[in-house]
Amino acid sequence: MTKVKLDEIDHQILDMLIDNTRTPFTDIAKKLLISAGTVHVRVKKMEESGIIKGSSLTLDYVKLGYSFIAYVGIFLEKTHQTKFVLERLSQIPYVTVAHITTGKFNIFCKIRARDTTHAKNIIFKIDDIDGISRTETMISLEESINDKKRLMHTIFNEL
Amino acid sequence: MTKVKLDEIDHQILDMLIDNTRTPFTDIAKKLLISAGTVHVRVKKMEESGIIKGSSLTLDYVKLGYSFIAYVGIFLEKTHQTKFVLERLSQIPYVTVAHITTGKFNIFCKIRARDTTHAKNIIFKIDDIDGISRTETMISLEESINDKKRLMHTIFNEL
Amino acid sequence: MTKVKLDEIDHQILDMLIDNTRTPFTDIAKKLLISAGTVHVRVKKMEESGIIKGSSLTLDYVKLGYSFIAYVGIFLEKTHQTKFVLERLSQIPYVTVAHITTGKFNIFCKIRARDTTHAKNIIFKIDDIDGISRTETMISLEESINDKKRLMHTIFNEL
Amino acid sequence: MTKVKLDEIDHQILDMLIDNTRTPFTDIAKKLLISAGTVHVRVKKMEESGIIKGSSLTLDYVKLGYSFIAYVGIFLEKTHQTKFVLERLSQIPYVTVAHITTGKFNIFCKIRARDTTHAKNIIFKIDDIDGISRTETMISLEESINDKKRLMHTIFNEL
Amino acid sequence: MTKVKLDEIDHQILDMLIDNTRTPFTDIAKKLLISAGTVHVRVKKMEESGIIKGSSLTLDYVKLGYSFIAYVGIFLEKTHQTKFVLERLSQIPYVTVAHITTGKFNIFCKIRARDTTHAKNIIFKIDDIDGISRTETMISLEESINDKKRLMHTIFNEL
Amino acid sequence: MTKVKLDEIDHQILDMLIDNTRTPFTDIAKKLLISAGTVHVRVKKMEESGIIKGSSLTLDYVKLGYSFIAYVGIFLEKTHQTKFVLERLSQIPYVTVAHITTGKFNIFCKIRARDTTHAKNIIFKIDDIDGISRTETMISLEESINDKKRLMHTIFNEL
Amino acid sequence: MTKVKLDEIDHQILDMLIDNTRTPFTDIAKKLLISAGTVHVRVKKMEESGIIKGSSLTLDYVKLGYSFIAYVGIFLEKTHQTKFVLERLSQIPYVTVAHITTGKFNIFCKIRARDTTHAKNIIFKIDDIDGISRTETMISLEESINDKKRLMHTIFNEL
Amino acid sequence: MTKVKLDEIDHQILDMLIDNTRTPFTDIAKKLLISAGTVHVRVKKMEESGIIKGSSLTLDYVKLGYSFIAYVGIFLEKTHQTKFVLERLSQIPYVTVAHITTGKFNIFCKIRARDTTHAKNIIFKIDDIDGISRTETMISLEESINDKKRLMHTIFNEL
């Protein structure tokens, strides 16, 4: 887990791309008083070193009919099934996040569904994975914060 | 919560942008046998209707020195403080997600930190917000799945 | 709590009214080979003694847009507030059932709502009643049984 | 789950039947200044569309010797047994309500019994259903609210 | 469970025996201005009807070297094992009380032991009974009240 | 906590009195081939040393109309209130046992009541004692073992 | 468990060795105005009686790269596996402490690890021991007190 | 938290001192084929760098009359009181370990006491510290593993 060394210019490039990944490199170049080629080279370098793993759209799930979010805590029968269960979970697209956790759950995951009935079906699909003994569900009544940009800016200001 | 109507072309545009938000519109246009202008118009329309809320980089937090993830369940003294507490939480950049939830917690949030000591400081900062009576923390030992792209593709194939 | 004595005829009358409260007394009379007046007198007597407290329609809440059911467990600050809190709960029409209970909750109630957002508002209204320190919510994914008729028939067959 | 469209007259008819299902149609007709035939047609229509699923008596269970109410939370061995367990539960008439729920229980149900000993027998019968691993019981000390009429009136005033 | 009818004289006899079961019948007779034979007849009658099940010494367990008290909650694998488990428990003399309970435990019992090590051995013996899946122990730091006499006097004053 | 030394004769005397405290001393004397005076002297000595604290009747509470048993776990606001709360508990005759305990409760007590409603009133009385923040109740469905005699015999055989 | 009798000189010798086990016996002798031979004899006696079981270095684990401490609560399938499980635990050097406990866990242990990933591997190794059904982990954010010397001094001052 | 670099010789010196801190430096020197002066210099260096923080006796607490071990979980009213509470805990010598923890407790500590009554007094003293709202105690029935030497040897073999 060697940390990659980034310089001040890299930080400023990332800082701009975080807010809008489609910002043209020429705009970035102009702001930082460097050439667009330099921007290109540095972004490439950060992609190759793995710091930038990609980019993704931020969609409005409610508008797309997916307004139901729940957290599902999973109890396994035996932890040596962890890997197997995670593979099966990754085949259910409605499971967007999954963690191996300390505390009472072995695995803790987040699901997005259309509504209560859809959520029930997803939870049942999870419950039926071999090796899972029981699940507990906590339903989101409102997604109040979902924003990694504040963190990213903080990271680049800290460095 | 009126769902926006998207047609087949919109779905295919989104499907391509999900994987790489920087895909040039000319590439998308070529694949879908439409003009780049049409792509531009449709993306603009989806941005204006709020379906596309933006784009963000997917960074490797471990490489940036942020390898510690925890979920923090919050018990409030009284729920009429919910709004106030959420505002204070949104001032802590390490809190990347927060939900109002059913079950034993009033608010449930996710934090990213550099290490145990950093996490302790963040949790202490949360604990000191007025109106919070107690918190419970669950630490991630491994982030096994974190991928909304599978969900997005599923949504567009379903529609 | 003196139990009312009912005879065999009373049981049979109740048994028929349970399934359809609108069954004409003349139909009941014909089946039991008694006069409609007798049916009338006996039903009146059972109403006066308080055995029959009334009748109600069984509506399809899902068709009426109320598909969300949750159970809310309430922790009070002090139990001498129980009566006061129950009065306030009875002013929220979405609270259809409430019990003083043993176990971890002081009061346990059932709510019906239109959807997640509506449920959140109802729960917040409950949380804001003076004397309530905290609530825990359990959401119904499916109402699989809701039928007192089987019990009623059993009671009348037992007697 | 298409919602049925009801007009103002329908609401007023339901509003009257909710309080007393035996209200003669002629009384309803007189109050609403329409013909009894119209009332009949509209009630029929609401029955056929499934909005009105039937009617039931409200009996005084305490007077009938059934003063003991408990909620029983059920843990299943595996959730694919849910359907089977619900079928078995529906054969126990003392189980008047059962829900598939989120949270720590898989199924949550309500029972009515004569007394502690009777309740013990019912709980033992539930515990012995194949697929149930454990149950937890919460006993009602007082049924303080049990009234769906307030909700129904609210629904019809809202619409 | 027909309650036995006791008159005022019975109550007064019981009231005296509760405090000291060895009170001579002649002393009781003198106080109540009845004959010793009457006392004898009435005590006999109360023994035969089962109201008086016997008498026991109140010993000082601490002085006898038994200063350790614990409550043990038992989870069964299946409740149809309840009877069998209770029989096995009744063969362990250190288990002085056992109840079938509602709530999280199936059986709840009280043990008296000499010290921590002795308690461990008793708990292990309980844990090894077939049909018991798990136990939870709560240790008494001080037995502050253990007195049924106040209750008995209250009962006889109430009657 | 100096243990009192008892010899073999003492054990045998206690062993007989345990089963029936009214056994005449002459009967005990005959069985043990000693004089009644010796029995008297030794019992007196055991009373004075505090080993025998008294004797009590074993009554059938169900026959006396007290069929309801519950365990109540008490959470205090602050443990320095323990003494005060125990004094108040000892004024409620339906509280027959109370312990200061480890684990989640501060005080754990046992109550006997006539029925559910009576139990509710007792629990409410407990809840209203100053310094008690919350209680949790576990109801007995059946008192399966309540017998200290087996323990006493074991103790005297062990010594 | 016969307590060993130590006199005032023994206490003072122990009191000095507690703070620094390498204190030369001649220094101790000088302070206590006895001969070094006497110190030697008495330390030997305390080693032979088992009071002194040995000595150990106090190392700075953080400086050695072991900054992660967690407590792991273990649930066994059956308690007769306790001994076997403890033997297997004692083969994992990262488990520095293990107790058989009352309360919800059967065994409770403490682990030291290099970091989150290392801790995960240790917990997985524990989870895979036969007879363990589940574990719950509580992570230390800061080791604030770890000092048996205060206790030792207190013990010797008390004696 | 810069890790100190130790070489192979340092490891071997530590490895010997771990088992017996009183091992004469001349013995260590002979085994490692170096001079006693070198051993002295290296130990001094490790003390100055803080790797060796001291040494302590391993006493048999049971033989010293301290056979009672418990873990106490502490809930604070507010976490900003953490520091203050830890200071107060450090004044109670029976508290030998204390951690700030994740999970349900804010602080988790270990106590050693003479017996149940002594433990009760210590727990009461903890409960009365300002800022502590509640504690939960888990009692050790047997200390099965307490050995940091295996860990230390592992660390030095790993390095």
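Here the chain labels run A, B, C, D, E, F, G and H in written order, and each chain numbers its own residues starting at 1.
We take it that a contact is a pair of C-beta atoms (placed from the backbone, for glycine too) under 8 Å apart; a residue touches a chain by one contact, two chains touch by 3 or more.
Bear in mind that the values here come from a model prediction, so they are computed numbers and not experimental data.
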Listed chain pair C-F, A-C or D-F that repeats interface E-G [over half of contact pairs the same by residue number]: C-F
Relative orientation of copies chain E and chain G, as a Cα rotation angle in degrees, nearest 5: 90
Inter-chain centre distance, chain C versus chain H - centres from mean C-alpha coordinates, in Å: 60
For chain A paired with chain B, centre-to-centre distance based on mean C-alpha positions, whole Å: 7
Distance from the mean Cα position of chain C to that of chain B, given in whole angstrom: 42
Two or more partner chains touched - positions in chain H: 67, 100, 102-103, 120, 123, 136-142
Chain A partner contacts - residues on chain C that touch it in the complex: 67-68, 115-117, 119-120, 123, 137, 139, 141-142
Residues of chain A defined as touching chain D within the complex: 70, 120, 123-124, 127-128, 134-139
Residue ranges of chain G in contact with chain H within the complex: 1, 3-4, 14, 17-22, 49-60, 62-67, 69, 71, 86, 89-90, 93-105, 107-109, 112, 137-155, 159
Complex interface listing, chain E residues touching chain D: 75, 78-80, 82, 100, 102-104
